[in-house]
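In this document, chain identifiers A, B, C and D correspond to the written order of the chains, with residue numbering beginning at 1 in each.
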């Protein structure tokens, strides 16, 4: 018996996840800047105000720290707030409340407190939004114990992970790629469809190299895999889906099979997500590797505005293909 | 101070004690408990039985007790690094607090939080806080939560004169005001943030409370060493908040008799004068309240003494309890990272 | 509004034009340049020649020009996402701005910043800013720097009604006030932050400027569509700042005639009414100033027209310049990460 | 001709570096909470107010975002501010000003602006300061292009790097370990003594294993090296000294010699500094490695207050020794 599916966009997945969870649990509410009447600057929360009213769908002042703090306080006292930070770059203003308060409350209180806060924010360059509206800062919160981090690449993953996040009793952060809101994909037609955190997904099977990719880079990796196939290289694409907790088992199993791995993530490469994943693969699959684990991230430069420069900074399928080729070349030599 | 700011200085030192006797007894008991507790903390810290930093509340007792005596058990409270007084005033148990000071497993937080993070969620105490201004957003959110659930709960946010210069105040005050949230922002102006005088770093004409007007919020400046004045103000503002009229800012003018934390030297030799401290010592909230109870015939000297004996014993027992409690097992270190 | 807040509403529509003719000509020229520039931006954006987001300043010209006409060349300015007007008012060159809009190498920032980050350090323009409230600290620091160097420079911090709810305002205002820094905080209250009415999210009795009192800082509420009123206020406040009397808050009440950014739909069909917009259109700062110049005999209709022709041509040339300029070479992508 | 040396503490190194640079350049000034009259909560800036006066040594309100913003603005307009953030945990409040403003100004303006801002802050657990006063968040800013990051382990390194930072035209961040302020060491007696960023230092020579260690972990590594020596294992200890720029050459040369590496840093292990360094070693020294590159960081838990728990979370020499032993064991098997 297979669940029927519908095709929706990544943006619609956000709306459906929030709406379903709000219907299911009256302690769930949603707030952020221009999210209610306007339905968000990316228009992905249109309609929620109409269905749930002003009390549960709130337009806030431009006060990232304040609304995050209010989210923490509400979460500590029996509510399940979802707080939107419009551009991931603005989370810089709310870090104290997430990192020093929300993430640590359960631990610091010896398990007395729980903080069922869900933070939704965006990542991704590619729209000439320039250096303050294009960052992918997922590494920061992945570094912080007490927070759980999801980074969905498809409508189905977004919906399932966001619903899980809302039901989770811990602070969770969902990084949505703003370039993918229009992306379509099938989603199970089931109000109770969720995806557990800590379960990676093999987005494409292959036998010669493992591409571990996050968010929009999953699609870049799939394109690269298509190109590699024509050259006779069979690439497996593994999407960790959540960075914390991280499903290393699935990744390591894949690398044990392929003996080669490339990790790709759109953030600044240095001290980012690729370093963590690559170092763990290089360690845990040491005896299986035929080539070094390579990393492909964005250039370590602020994201430039110019359409003549911005694309240079973002990993693309050509770069991935070259990187994979290098792995075989090196070994062949 | 401009009248249009709707600030009033309440000082009830003169006249009779306008509160019922059981309440007065409770206020006195709580204030003295805080004093004796803090003296014991000073003691264990000096003996090396407690690590971290101990920020004593000595001198400010009327503020915590005056406010919390106007609250219900299920009302919320956020506290600060100088939080012991707030916790006791809200009903926190001294033995579990003391155990927490020492990092013991019977502490409120199983030893994981320590002095700056004690919480008792069952009493609505959302925790002391190591971040100056860190509780402002949380109190606002707790008030929002109470309002959304229709529970009638209010939230009290305690913070110092130093915290009024954190942007968090603006954002929280604004949110609370536009949404008419039942939150009392209580600034305990003890005139110093660490070693810096509030007047050197705080741009106001005279009172921190002046900042409330910019958020369309009433403000009251109170003699924070007068438990009656604080209590009466709190009753009025809690009532206001509970009936949906929104937040307020209460500025309790007070003084900490000790340094910023235990072991950081003698304030009177560095950043403040003996003369100033003496002026405030003359306004010590505890003898002041005792005098009024005596005058009102609610108590006599003998009873005052016996209360002190009882409280001192309770605090000694708490220290003994804490001393006997073990550290948590090493294996606990990975518990509670997630709920 | 309480008089004790020392707020005055200046409106100079009535009476003669109290400014010297060359200044009036400059003000008019700058305001019209902004208008024509923004219309051209709308045009290139609609044609797909510009990427990113274009936040137009149309309708607010009197604010930028009124303020900047009171500044020296070496005074500092921090701007916002809606920054084109501020830049032109401070002397920014339209051709290099237009090239920057398109991400071209002859742009002010070699195409690296785009519309939200244009800067001209040689004119003291520390940059437009993509972070709401992002310029507040910077302006305060620039004023501190000027003061420490004894240069007599002042700093102007432009920001919107939305930004007044960022904690950065409290922290910057407080710092500027305690240190008497020469900074003018200029709130351009166009009544909306994106799609949300300021009145829905801003707790003040009536005016954003009320928040200044809490920082012991004078405030003025100005008809921000009246270039004369804005200019006169700025002259007074700049003078005050330059002579060491410290910061102030100026609230320019104004309106953006377009949406939040190009392409985000028709505001009058969603978050605001046609009626409201019409009221503000009747107060359009440019024809209003033109009428006063005509009345004062400083100009006639023919000259108005010829000025428009000149400016329109200048803007067309800027577009042509920008169109012809190439994108930066790919190799530039790694330049300028570090100085 | 060797420069004469004096023995001073890590804390004195801070004071001397600031004082010397303030004497040398009148645009240098210093501000922070309680740094002037009180000389800082760690007492390391005592005396600066007396020498330089209130204009150049400023006590500020408790406004981390505000003073960082003021620092950025001053730096853009010809001054060289040094801003102290008392505990590194509080930098969460000032992230926008560092990350979105200071770090990007030069780039976003196409090279027009420079921002000679120096940020000093602290890291390190071990004092029962609990979860909000013990974090080591150096990974975050190392991730951000446009910022330079130093993490000195000795008085000499601190002094030399801080002086370089103050002279640098870019935003620099110095992470000082609060547990080391009393640590003594020799420092060249030369007002113009500086250490360039991007030059690692071999703190101990060895031939069997490379321990790459940062900050206080350098001393832990040196202790471990002493213990290992008794077992016949010769450990080389490499201190990168700056995380950005990072001197990989020195690290790789060491690993090419030893064929084994362990990276140790006091921060939360996941998504931290060790991941970046280990993944680069595993990649760039792939052909030389006889064992996987191991990482030792703090436990991924908020730092507990209890003296019974806190030490468990911090890497110590015993753990390092065990990790190194594992490398030889694994290979032997």
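As a working rule, a residue touches a chain if its C-beta (ideal position, glycine included) is under 8 Å from a C-beta of that chain, and two chains touch if they have at least 3 such contacts.
Being a predicted model, the structure only gives us computed values, none of them experimental.
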More C-beta contacts across A-C or across C-D? C-D
Max Cα-centre separation from subunit A goes to chain B
Roughly how many whole angstrom separate the Cα centroids of subunit A and subunit C? 37
Between subunit D and subunit A, distance of the C-alpha-averaged centres to the nearest whole Å: 30
Rounded to the nearest Å, the gap between Cα centres of subunit C and subunit D is 41
Distance between the centres, which are taken as Cα means, of subunit C and subunit B, whole angstrom: 45
Where in subunit A do residues touch two or more other chains at once? 60-61, 63, 65-66, 89-90, 93, 96, 100, 107-108, 130-132, 145-146, 299-302, 304
Tell me, which residues of subunit C touch at least two other chains? 109-113, 117, 129-131, 134, 165-168, 170-171, 174, 178, 200-202, 337
Which bits of subunit C are touching subunit B when the two form their complex? 2-5, 165-171, 173-174, 177-178, 200-205, 210-217
Applying the document's contact rule, which stretches of subunit A touch subunit B when the two form their complex? 27, 29, 55-56, 60-61, 63, 65-79, 81, 96-97, 100-101, 105-116, 145-146, 148, 169-170
Quick one: which bits of subunit D touch subunit A in the complex? Just the residue numbers, please. 65, 89-90, 92-93, 95-96, 99-100, 103-104, 107-108, 130-132, 137, 139-140, 142-146, 243-244, 246, 267-268, 270-280, 282-284, 286, 291-295, 299-302, 304-305
Enumerate the contact residues on subunit B facing subunit A in the complex. 76, 78, 107-113, 117, 119-121, 126-127, 129-131, 134, 136-146, 148-149, 155, 167-168, 170-172, 174-175, 178, 335-339
Note which residues of subunit D are touching subunit B in the complex, please. 33-34, 37-38, 41, 59-63, 65-66, 89-90, 93, 127-133, 299-302, 304-309, 312-313
